Structure formats: structure tokens, C-alpha cells
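Naming follows writing order (A, B and C), and every chain is counted from residue 1.
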Amino acid sequence: MNKDIIQKVRDQSPLIHHLTNQVVMNFTANGLLSFGGTPIMAKAEEEAKDMASIADGILLNIGTITAQELPAMITAGKTANEKGIPVVLDPVGVAATPFRTSVVKEILNTVQPTVIKGNAGEIAHLVEIPWETKGVESIGDGNSVEIALKAAETYQTTAVVTGETDVICSENEYLSNNSGHPILEKITGAGCLLGSILTACLTTNEPIEQQVLTAVEFYGLVAEYAADYSEVSGPGTFLPHFIDALSFEVDKLEKLN
Amino acid sequence: MNKDIIQKVRDQSPLIHHLTNQVVMNFTANGLLSFGGTPIMAKAEEEAKDMASIADGILLNIGTITAQELPAMITAGKTANEKGIPVVLDPVGVAATPFRTSVVKEILNTVQPTVIKGNAGEIAHLVEIPWETKGVESIGDGNSVEIALKAAETYQTTAVVTGETDVICSENEYLSNNSGHPILEKITGAGCLLGSILTACLTTNEPIEQQVLTAVEFYGLVAEYAADYSEVSGPGTFLPHFIDALSFEVDKLEKLN
Amino acid sequence: MNKDIIQKVRDQSPLIHHLTNQVVMNFTANGLLSFGGTPIMAKAEEEAKDMASIADGILLNIGTITAQELPAMITAGKTANEKGIPVVLDPVGVAATPFRTSVVKEILNTVQPTVIKGNAGEIAHLVEIPWETKGVESIGDGNSVEIALKAAETYQTTAVVTGETDVICSENEYLSNNSGHPILEKITGAGCLLGSILTACLTTNEPIEQQVLTAVEFYGLVAEYAADYSEVSGPGTFLPHFIDALSFEVDKLEKLN
């Protein structure tokens, strides 16, 4: 982990414009605020270009997207590309329906994402690798690497495949991360908030692989730290500690281990 | 309570597709995840049929509905009827405006709900029984039974009238439940999350009256258990414990009493 | 602080109709419920007039507004004006984009707000006083008073400029409040929930300056009280205590100081 990246986010408090799903808006905003970033969430196409113009980074998350909401996402993403600010695409549930597949294809045809992040089933679907989407568990790390490499290559991007082991691929190199906690699977939007934290880290002036690795490693460490509180008895009591721990120094979080 | 129903939900982790209101999406998703189900929330009409096709149960909750969102609800409900999976209708605030009344009538004209759940004022409105909707308290259990029976008969469904005593009617028989805690009236979406837990219980292969009774009895027991923590000083500190307790074994919850 | 206002809200449990942003709906509903009011949140233009007709107060918050959602806001606001019930306008991020500016101007051209509340940057923008909107900190109290006075005069309303010192102006007099806690800046929707608490206080039959001052003073006191719990280690653990403390007696909250 590159602690300078975490510190830079906190020093600069980057403005991250979220076009994200309705389930996780509150959780994402509170998580990013605690981490040190500044969230904006706006949906109107009329202001998509203006909001993207004042932002330091853009998160596109299709979790509850409708046809009507797509143009604002595309406008925000294109504006980010023109300005040279990072764009993260989180293709939530892209394999579930043809509508989601077509939405993501349309975004990818017009916007160049800095990072695409998703679970193995989602990213596999984007690169047409067969993947068992029934069942929660990831089948194997070998496949995640294949999927991430193919996504990085196909979309000329950095691909992040989350799972028990997170895999990060950029062209022909890859990194992996093992921090994290199974309780994250029992809270809604754990992956969505990671997308926001990741976007914030991408606004720092550091090598992209370091930015992405730091974001996923830090996020997993925060989950481990929060889950370790003796008063945590499930996902409900985990959440407040998780939000808090996103604001903690890396040294404090690491002392646990 | 039929504990097998709770266990089956946890073993099968049914996929519940929610077309629900924006106020409670996060709370509902976290509550169902903790309980043992798998939530999906999608709104686009374009994918309503596809989402319903992969789901094990559907929840239709009109809390913040707009005219534009209605077709997706109807498509999802009709698909569920064709597939033979359960559909729960929660007609939130149906008595408040003519728009809500017309929305619910349109749903009921095209979708056969497995269960209709609501408070006495909502269900009374659906069966044109006069009901005092000003004031929070339910006037009497006698009326709730009359309302539930008439709703079950009119809509050929199982009707659940929630209140201090919950009444469950299916044709000419009825059951009642007294578990629960007044603090549920001080948190938003308590009834909405019950709709989600109920839908999950309906996906098990058990008699419907048992499924419904188990859902409401379990839910009330969870509230009693969570409210009993010494550190709970109001609805804010109740919520994390309530979410946690939805994941607990029935035996653990019952030890309190 | 006029404690009678707090008590009257709790005795009457006013119905506050919210047309507010998607980020804060759950938090706002839980906060107002805990405080003692009754929230409704509906978005459909078809029922805007009917909902406003049964409400005791209206909150218009443009946080995630789209062009499509504007007519319902205007209808609700106009209905409130006709009925003589209070309307609070929270022009969230109005300075950020021309779209937001035009939305707020359209509301102000058709609806007479009882109170306009916002931070210094938002209210300054409404009265065309230059204001540094980059950066989180307010520059000075002197300016806040000038901004609030000009807004009160321009829009014939009571203006509330929130900040380290909150300034309340009605025509040519002004009041200020210093209760509050910096942790409110680290949770999303702190200002939005204040708008809801404020609307509830406006439904009591007391002088408007007292209603507004009581709302902001009480809200800040609640934040101070909740932040003081030894187990609060950040915004995540603050939130449950903050929601709880909104339900406490003023005497209990004041004992802290």
C-alpha cells in the first residue's frame, strides 16, 4: 500500500461526481466523506456536463439505471475524458439482463474508463468468458486473472476483479490483494462504495497500479479492522465502525494485524 | 412459528426482486441480506421481465411510485404470475391520494398478488371499509379481522393487516400475531422490510399461512430482541441491532422471553 | 430556545411532505420520526396537490432534482401557499450549475417560501453576492449576515444561512446561533435533515423567528450531545446517537453543557 495516496486524498478532498444507484447513495456519500473525499450526486442530464466539469473524478455505477438516466452518464463520462479526469465504471449486474448488457456496451462505446471494476461474473460477461453467475462464491483465482487481463486488453483500461482475492490488471501486468472480510458480502453496496474510494484515489498524482492497489488494500483493511470490534455482532453493528474506520490512519488500521 | 421456513430461506438464499420506494431501498437490502435472502433492486421497464424471470419472488411497494414507474411493476408482477413465483403487494399510503388508489387498482387488475400486506387504514381502503387514517394507533382488533377477511375474499389472496396485533387472513380462516415492539413505529420502512422478509419466506415450499405467520412472528421477535439491548436509547441505536438480529437463530431470539 | 415549540411538534406530530433528494431520504425520514414529526415522501406530479393538501408543511430540497421532478415541487409549493402552510426551500448546490440556478429561480417565481435555508455559498448565489464556493470553511460571519439580510429582503422571506455560526434574518432583524459540532460536516444530509426539522417547527403557532432559532439551536445541541458519547469514534458511530438524541428532552440535552 502506498500511504501517500491515502494522505493526498485527505489533503485534497477531491470532488467525486457519482452517477450511481439509489440503493447505495447515502452509504456511498457517508463512506467517501469519512475517507476524506467530497461526494456530489446529481442525475439530471441538463447539468451532467457542468457537474463533470467541476469534478475531480467520475463514478458510473449502473445498479438501478433506467434508459432515461443513461444520457447523463454518457455525458459525464465523455466530459471527464475530454478534461482528462478519471472515470470508474462499475457494471453492476451487467450479466443479469440484456438491458444492462446494452447499457454497458453503449457506455463503453462512447466513454474510455480509467478503471472498470466488478466481480468476476460481471467482468467475465464483458469479455465473453463463461462464468457461473449463480452462487456467491468465486470459483478460482486463475480465472479472475484471465478475466481481468482480457478486460484490460479489450477495453484498454485497468480492470479490477473483486473477490476473496482482488485482481488488478493493466495491460500485461497484474497485482493482487487479499485484504478484506466476508462480512462485506452481507452489506449492500460494499462494492459500490469501493468504486467511490477508488475514484478518489485515482485523482492523486501517482502510478495507476499503485492507486488501484492502495484503494482495494486499504478498503479491505478497513473492513478487517471494523469487523474486529468486540461489539460487532452482525452487518448492522459492523456498518458504523466501518464508516468510522475509513477515516483512520493506515498505521492505526495496520496495528490490528 | 415454523423454524424450518427460516432455515430454508437461509439455505436457499432466494433472489427477491424489489420494485420498492426510494426511502427504504438501503435498509431493505441490508435487512434481507442479514436475514439470509439475496436482494435485487431494478427499476427499468426494459429489464422488468428479465429480472422477474431470474427471481424467486417479487415485492411491489408503491411508496414513492410515479406514473412512469408503474409499467415495470406490472410487467414484473405479470411475469411472476406466469412463472408461478410469489408476488407481495405493499400498497403504501394507498388511501392518501386518488393517484395511489388508481395505481393499486391497476396493479390489482393485472397482477394476482400472493399476499397483500399493509396497515389497517391501507387495507380498509382497498375494500372500502371506512377507517380513521388520522392518528397512528389502530382502533381495534375486531375491525382488523373484518378488513383482512374482506381483502382476502375480494382479491382472492392472503391478506396481512399489520398492527399491534397482526392479522393474517386467507379465505375464511385467520391467524394472528402479537410479537413486535413499538419502536418499529419510530423507524422508517419497518413495514417495507417486513414485505421483503415475507416475500423471502413465501419462496419456501411450506403452507402459505405458515410462511406468512412465521415471517411476521419472526420479524416481531427480532424487534423485541434488538430493543432489549441495554445500549439502545432510541431508534438510531436500535437499527444496527435490529439488522444484526435478523441473522440470528430463532432459538437465540426466543431465549429473551 | 423556545422549548414549547419542540413540545408542540411532539404533541402534534405534524405531517411534513418532503420533495427531497435521493441521497438523504432514509436519514431524513428517520431523523424527523425520532424528533416527533411524521414524514411523507412522494414524487409523482399526479399526487403533488393532494399530498400537499393533507400535509402540515412542505420541504423542497433540490439535491438530486431532474427537470422531470420540478413540476411536482412547484405544484406542492403552490398548494402550500394557497393553504397557508409553511414551505421551506433548500437550494442544495444552487451555485454549482446553471441548471440548478434555473430550477431555483423557477421555484422562486411561482412559490413563496416561508424560509430559505442553505450554506453561505448557496444563499450568496441567490442574491448575487460573490462567494468563494471552493473550500469547505465559511469565510466570515459578517458576510453571512449581509447575505442573509439581502436574501430575506429580495425574496420577502426568512433566510437561514448555516455555518459555524448560523444566521437567521427576517426583514431587518437578525438572530444567530452557535450550537453545533464539526462532525456534522462529515455526514451527508446534515443540512437536509435540518430543513425537515425546521419545517416541523414552523407548523407550531409561534413567532417565526423563534421557530427558526429553536430549530437550529436544538439541532446543534443534539449534535453536540451525540458527539460527546465516549463510544463515538467517527461519523458512522455518531449517526445512531444523533438520531436517538433528536428524540430527547431539551433539558436532558442541555445537562451536557
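Criterion: contacts are C-beta pairs under 8 Å (C-beta built on N, C-alpha and C of every residue); 3 or more make two chains touch, one makes a residue touch a chain.
These numbers come from a predicted model, not from an experiment.
Student: Over half shared numbers or under half: where do the identical copies subunit B and subunit C land at their interface, same or different?
Tutor: The interface is built from different residue numbers on each side, given that under half of them are used by both copies.
Student: For the sequence-identical pair subunit A and subunit B, determine the rotation angle of the Cα superposition and round it to the nearest 5 degrees.
Tutor: About 120 degrees, rounded to the nearest 5.
Student: Would you mind pulling out the distance in Å between where the CA atoms of subunit B average out and where those of subunit C do?
Tutor: A distance of 32 Å separates the two centres.
Student: Two or more other chains in contact with one residue: find those residues in subunit A.
Tutor: Within subunit A, the residues that touch at least two other chains are 22, 25-26, 239-240.
Student: In the complex formed with subunit B, which residues of subunit A make contact?
Tutor: So the residues of subunit A touching subunit B come out as 21-27, 63-67, 93, 96-100, 136, 186-189, 233-237, 239-240.
Student: Under the definition above, what is the set of subunit B residues touching subunit A in their complex?
Tutor: Against subunit A, subunit B makes touches at 13, 22, 25-26, 29-30, 33-34, 39-47, 50-51, 54, 239-248.
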